[in-house]
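In what follows, chain A forms one complex with chain B and a second complex with chain C.
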Partner chain A sequence: MKLPDPIVQLTHYRSAVLGLFIIGALIVLSIVTVLVIPYDEAIARWRAGEELWGDYPRNAVPEWFNLFAGNSLPTTIIINSKDGKIPKDIQKVTDEMSTSDMKFTFDYPWDRFPSEINLFLTAKFAQKKPQATMIWKTPDGRQIQLGDTTVGIVERFAISTDQRLSLKLEGRAPEVGLFAQPGTIEKGKTPVVQKGRYELIIEGLTFEKDSTLDAKLVIYGQAYGLAGTDHRRRDLLLAMLWGTPIALAFGFLAAVGSTLTTFSIAAIGAWLGGWVDQLIQRLTEINSVLPTLPILILIGTFYTRNIWVILGVVIALGIFSLGIKTYRSMFLQVKEMPYIEAAHAYGASNLRIVFRYMMPKIAPVLIPTFVTLIPNFVFLEASLSVLGLGDPLLPTWGKVLNDAYTNGALYKGFYYWVLEPAVLLMLTGLGFAVVGFALDRIFNPRLREV
Partner chain B sequence: MATTTNNTLLQVEDLYLYFRATKGVVQAVDGVGFDLRRNEAIVVLGESGCGKTTLARAILRLLPRNVYRYTGKVLLNGRNLMELSDEEYRREIRWVKISMVPQAAMNSLNPVIRVGDQVAEPTEAHFGLKKEGLEQAREVFQRVGVPVDFMSRYAFELSGGMRQRVAIAMALVTSPDLVILDEPTSALDVLTQANIMNVLKRIKQETETSFMLITHDISTSSELADRVAAMYAGHIVELNDADHFFSTPLHPYSQKLMASVPTLRQTKQLEFIPGQPPSLINPPKGCRFAPRCPSVFDKCAEEPPLIDMGERRKVKCWLYVK
Partner chain C sequence: MASGALTEQTLARPRLGIRVPDTVARLGKYVIFRGTALFLTVVIGVYLTVLIANMGGYLDTIRIAQIREQVGAIVLNDATLQTLPPSELRKYIDDLVVLEMQRLRLDQPFFVRSVDYLVDALTLNLGRAEHLTSNSGSKLVRLILLERIPATLLLSATANLSLFFTAIFIALYLSRHYGSWFDRLIIAMAPASTVPAWFYGIFLILIFASLLHILPFGGMVATPPPETTGEYLLSLLRHMILPVSAIILHGIFVGIYQWRTFFLIYSSEDYVEMAKAKGLTARTIERRYILRPTLPPIVTAFSLMLIYIWQGAIILETVFSWPGVGRLLYQAISIFDVPVIVGNVVLIAYLLVTTVFLLDIVYAILDPRVKIGGERRV
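Presenting the complex of A and B:
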């Protein structure tokens, strides 16, 4: 198959090949994302709370940071007694009462402390709640009492926020104190992780015949997945992936909507002339004075933040953009060409002349402009999101930036949180820009390199 | 004026087309009248800038925006075209009754569509018949001598002569009563010119079509002409049969024109008319040709009438007033 000429020419520019590759990758990523994670599911997951994201660490960096940090960042350890992988020792004491002992054993090989420790206890009972006593065993054999509790149907035993435990550990946070080498947790010293095999022993007591006790230990790491997590434990990968189709769709639709209308209106004005042309010119001038961003902010603040409404407004404001002036000047030239006059002579209608004769002639000039315009709208959507006017439902790159900003990501050192969406935005811009520049050279002969 | 017979296709009376320009009003077509019969070919001769093309445009109502005066009568089959609205004119006359091969017809093809589609365009635009349009296009391609497989080419893939023929094909595709050809051969080499004149002659023989041929190429136009109209400075100064015009032209201007035609292998001094045609913004009072006329005399200070010499011969010159 023979590729169209402009595409062949495009491959002569190395930058354009890179750009095409970036655009292609983004498009493939979008398609895969939309197919794998449906729209509704993406929204539902992004808006879910602890019930879905409870086992994820908070503000974890991407796991591949370990490649540069010498594997020192812990990942999350989850041990659930319901999986049946840990020994559970159930002994009858009386007819009614029995003990239920569980031993959670795990290796801790990392240099950094975990970010949080939670124990989720679940119990089945009719009236009498079971009891549980937790004991922490370090690799060097020390035993630390974590306390005891009665267990409701679902009980969250937040070890990390246990004040009494913290006092016992020289005032250190439990996730530090429990994992530190003895002698390093005192005031003024830097705690050092004690690597090795840890154990959490839960001694349970149930008071009814059919009563059971289960537990899930979550030791949250500092690194997670490909993209890390945010302040609400959400996997940023979801936003990064879903941000792609949204950004591309928004940019593409806005660019198509505004350029096509602008282009047609310029052609119609140039061909009909007279008061139609005058009206179009004046509307363009008025529109060029209207500030786009403040109008969008007003709509976002007072009316709706729905991304598709915003898209419509962006297109509407783009219809009478200053591009009309540029296109009109080109159309005024085309209008005087003999073949247009010939078309007029043989009785072609105005519409026919505008759409079949004038517009295809200038269309090649439109293509580079169109391609370079796409990232503009992608950035516009991101800007609105950063200003807190993004669509409240959708996970987008701009929303992630907004979250990062409001949670002081840079101040707290969560650079990945800002850099991930920023890099994706920059890649999008770069890809379309270099392809646009190359197309400009192809379609605009005066820029062509000799 | 001329007696209207049943055979008359086009009758133009007192046609004026003035333009408004920054320096004043351009009197491009100034009271022109002539008639044309069915299957007849009239050649409009004259120097550049004497209003020939403007006359064609006035008939086909292809007007620029700065029209100052557009009056007169254009009767086609007895129907006054000047009374039609623009939209009626577009729907009922253009290409249905009158078609045109514009000046620089080679550039009159849409660069972004195939020439076959281009030729089918008038049929599609007027009757909404895309398929029939293509069939008719195939037919006229054969008639004008363009290979049918050229239909799928673009204009830039054709030679000048081919493009000219495609433009002629486009003028013929709707079988109009009148085809106006504005300098159809001016940018072509002599062989192609001859070829195209032959094509036109054959079409004239095979169909009922009338032609109005605008040119300054006297020798080539003599191939097709039945009638000749000589134009000078917005006036028709002579209307004559081709035979008479080419042998015994009446008006001094026509005589000068004929004397300027080169003849092969003869040591004849080619004549030319000194000076230039007058500006049409402020044409001289009286006979407009007077400043350049060799036979000028007192009377020429007044505008001469168009004198009917009988046998459809007319001349606008005081010399013929008895």
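Presenting the complex of A and C:
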């Protein structure tokens, strides 16, 4: 099969080949994403709270940072007594009362401290709540009392925010103090991680026959997954993946919608002439002084932030864009061509002339414009999201940028949080722009010469 | 083209020997004509904005709330009314509100009200803000907005003027040396302008503020502001470097690319060849034979660029915490200060049209067809 000429020509531009490759990769990624994580599930997961993301670290960098950081960044350790891998020693004391001891053992080989420690306790009982006493054992055999608590049905024992424990550890945060080498946590010293095997011992006491006690220890790391996590512990990979189809769909639909309508209106105006043409021209002039972005902001603030409604408004505002003037001057030339006269002579209807004869004639001119418009709309969506007017449900790249911005990611040094969506946006933008530029040179030979 | 309207009178006169008063009169007419056309455009534009803003009756709600507040204040200050039983007092307040609504024609049909809003918006009678205040403490939306214009103007004028002239000068240079490695580099970089200025801003902040700590994250001057004028200006300059660079980075490559192509096309015209044959210097050819006939399209391009810049500034200012009109809009959105949002949109529409109008005058001065009233353009 012979490829159409413009595509062959396109392959002569090295940058365009790269651009096509980027676009292709993004399209494949979008399709895979939509197939693997359905729309509703993506929304549900992105909007979920602690119940889904509770075991994820907060503001963790991507795990592959460890390749450059010499494997110093801890990943999350989760040990759950319900999995049965923990030795659980249950001894009857009386008929009703029994002890239930658990021992959580884990290795800590990293140079940096964990970001947080939580203990989630769950209990089964009828009336009398079980009790638990926690003891921390360091590799060098020191024992630190973490305190005791009565356990409700679900209890969260936030070790990291325990003020009394912090006082015991020279005022250091517990996740630092518990993992530091002795003698390094005093004031004025830099705490150093003590690597090795740690133990958390939970001495439980249940007061009913069928009462049980379980625990889940989560030592949150500083690195997670391919994309890291945000301030609400969410896996950024979900947003990065789902941002792709949304950005592409938004850009593509907006570009199709606005170029096709603009193009048809210009053709109709040029063919019919008279007051229709005048009206179209005046509308174009009015439209050119309408502040597009502020109007989108008004709509986003007052009415709806639904991305598909915004898409509709973007298209509506793009209908009478300045492109009409360019297309109109081209159509005016086409209008005088003999074949149009012939069509008119055999009695072709206005509609037929405009849509079957005039528009196809200069349709190729649309292609470069169309391709270069796509990234503009992709960035428009990102711009609205950065202003806090992103779609309330969907995870998009712009919304991640907005989260990062409002949480001071650049001040706090969470660069990955800004860079990931930014690089993806940039790749999308440049991919389309490079192809669009090459197409422009192919379809406008005058540009090729110079 | 507006110049068409002036054709008839000029045909009767000899085309050469232009007298100065004649030119001024023609210019005046042109300006009035364009001014009227643009005024009608802005009226329709602002009217549309008002319609969009009031689609859900938001403006009405704001105004009724304001009336209630005013009436409440009046009643509270009137000691004689305090003796009335609560039910009668409430009825009295309600009556006053209804009266006031009638006085302000809020009971009129939507069309009449929308015209009222249009007049208010056009005269920048934008009401009072709900939360935001101006630096002087005023709650008048107009004052809050006017206070922010200089900052926006300073930033966008500096950036765009330097961008514009740099691009044209480099483009002129490249049109003489086209095909060089620098030329090819510019062509290769041109697609980089798809990325908006605020986006470059994020990267610049990351590099120069977060990593290198040599330039500030944002804002207009250091806090507290330096006391001496010299230090103040220096601090202002330091804060301007990053946002201005962001705008320039965004626009420079495509700007140079387009102008270069444009000049190349114009420099292949016959009269340029002729000038070369006459042995004129490259500089003279450039100034008299290339730049001069291309000036009107250059001005058009400039005005188009400014239109996009007024809107692009919204996010750029937000990213750089630059205290201009754009950041105000962002602040108003985040605390839902409706009068400020509406006022801001109206103001941007106004600024857009004013820019277009001013540039039209420049255009008229530059375009010989307007000045001496040449033939109608096809």
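Keep this in mind: the second predicted complex is superposed on the first by the 448 of 450 C-alpha atoms of A that agree within 3 Å, B and C clash if a C-alpha of one lies under 4 Å from a C-alpha of the other, contacts with A are read in each partner's own complex, and residues count from 1 in each chain.
Methods note: a contact is a pair of C-beta atoms (placed from the backbone, for glycine too) under 8 Å apart; a residue touches a chain by one contact, two chains touch by 3 or more.
This is a predicted model, so every value here is computed, not measured.
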item: Contacts of A:Ala348 with chain B and chain C, given as first, second, both or neither; value: first
item: Partner chain in contact with A:Gly273 - chain B first, chain C second, else both or neither; value: first
item: First, second, both or neither for A:Ser383, with chain B first and chain C second; value: second
item: Which of chain B and chain C A:Ile295 touches, first, second, both or neither; value: second
item: Contact breadth on chain A, by residue count: chain C or chain B; value: C
item: Partner chain in contact with A:Ala173 - chain B first, chain C second, else both or neither; value: neither
item: Touched partner set for A:Met337, first chain B, second chain C, both or neither; value: first
item: Which of chain B and chain C A:Lys361 touches, first, second, both or neither; value: first
item: Partner chain in contact with A:Tyr411 - chain B first, chain C second, else both or neither; value: second
item: Chain A residues within the chain B interface of the complex; value: 273, 337-339, 341-349, 352, 356-357, 360-361
item: Residues of chain A touching chain C in the complex; value: 15, 285-286, 288-295, 297-303, 322, 372, 375-376, 379, 382-383, 386-389, 401, 405, 410-411, 413, 415, 418-419, 422, 425-426, 429-430, 432-434, 436-437, 446-447, 450
item: Chain C residues within the chain A interface of the complex; value: 37-38, 41-42, 44-45, 48-49, 52-53, 55-56, 58, 178, 188, 190-196, 198-199, 202-203, 205-206, 209-210, 217, 260-261, 264-265, 304, 307, 310-312, 314-315, 318-319, 329-330, 333-334, 336, 338, 341-342, 344-345, 348-349, 352-353, 356
item: In the complex, chain B residues that touch chain A; value: 60, 62, 65, 90-91, 93-96, 99-100, 102-105, 107-113, 121-122, 125-126, 167, 170
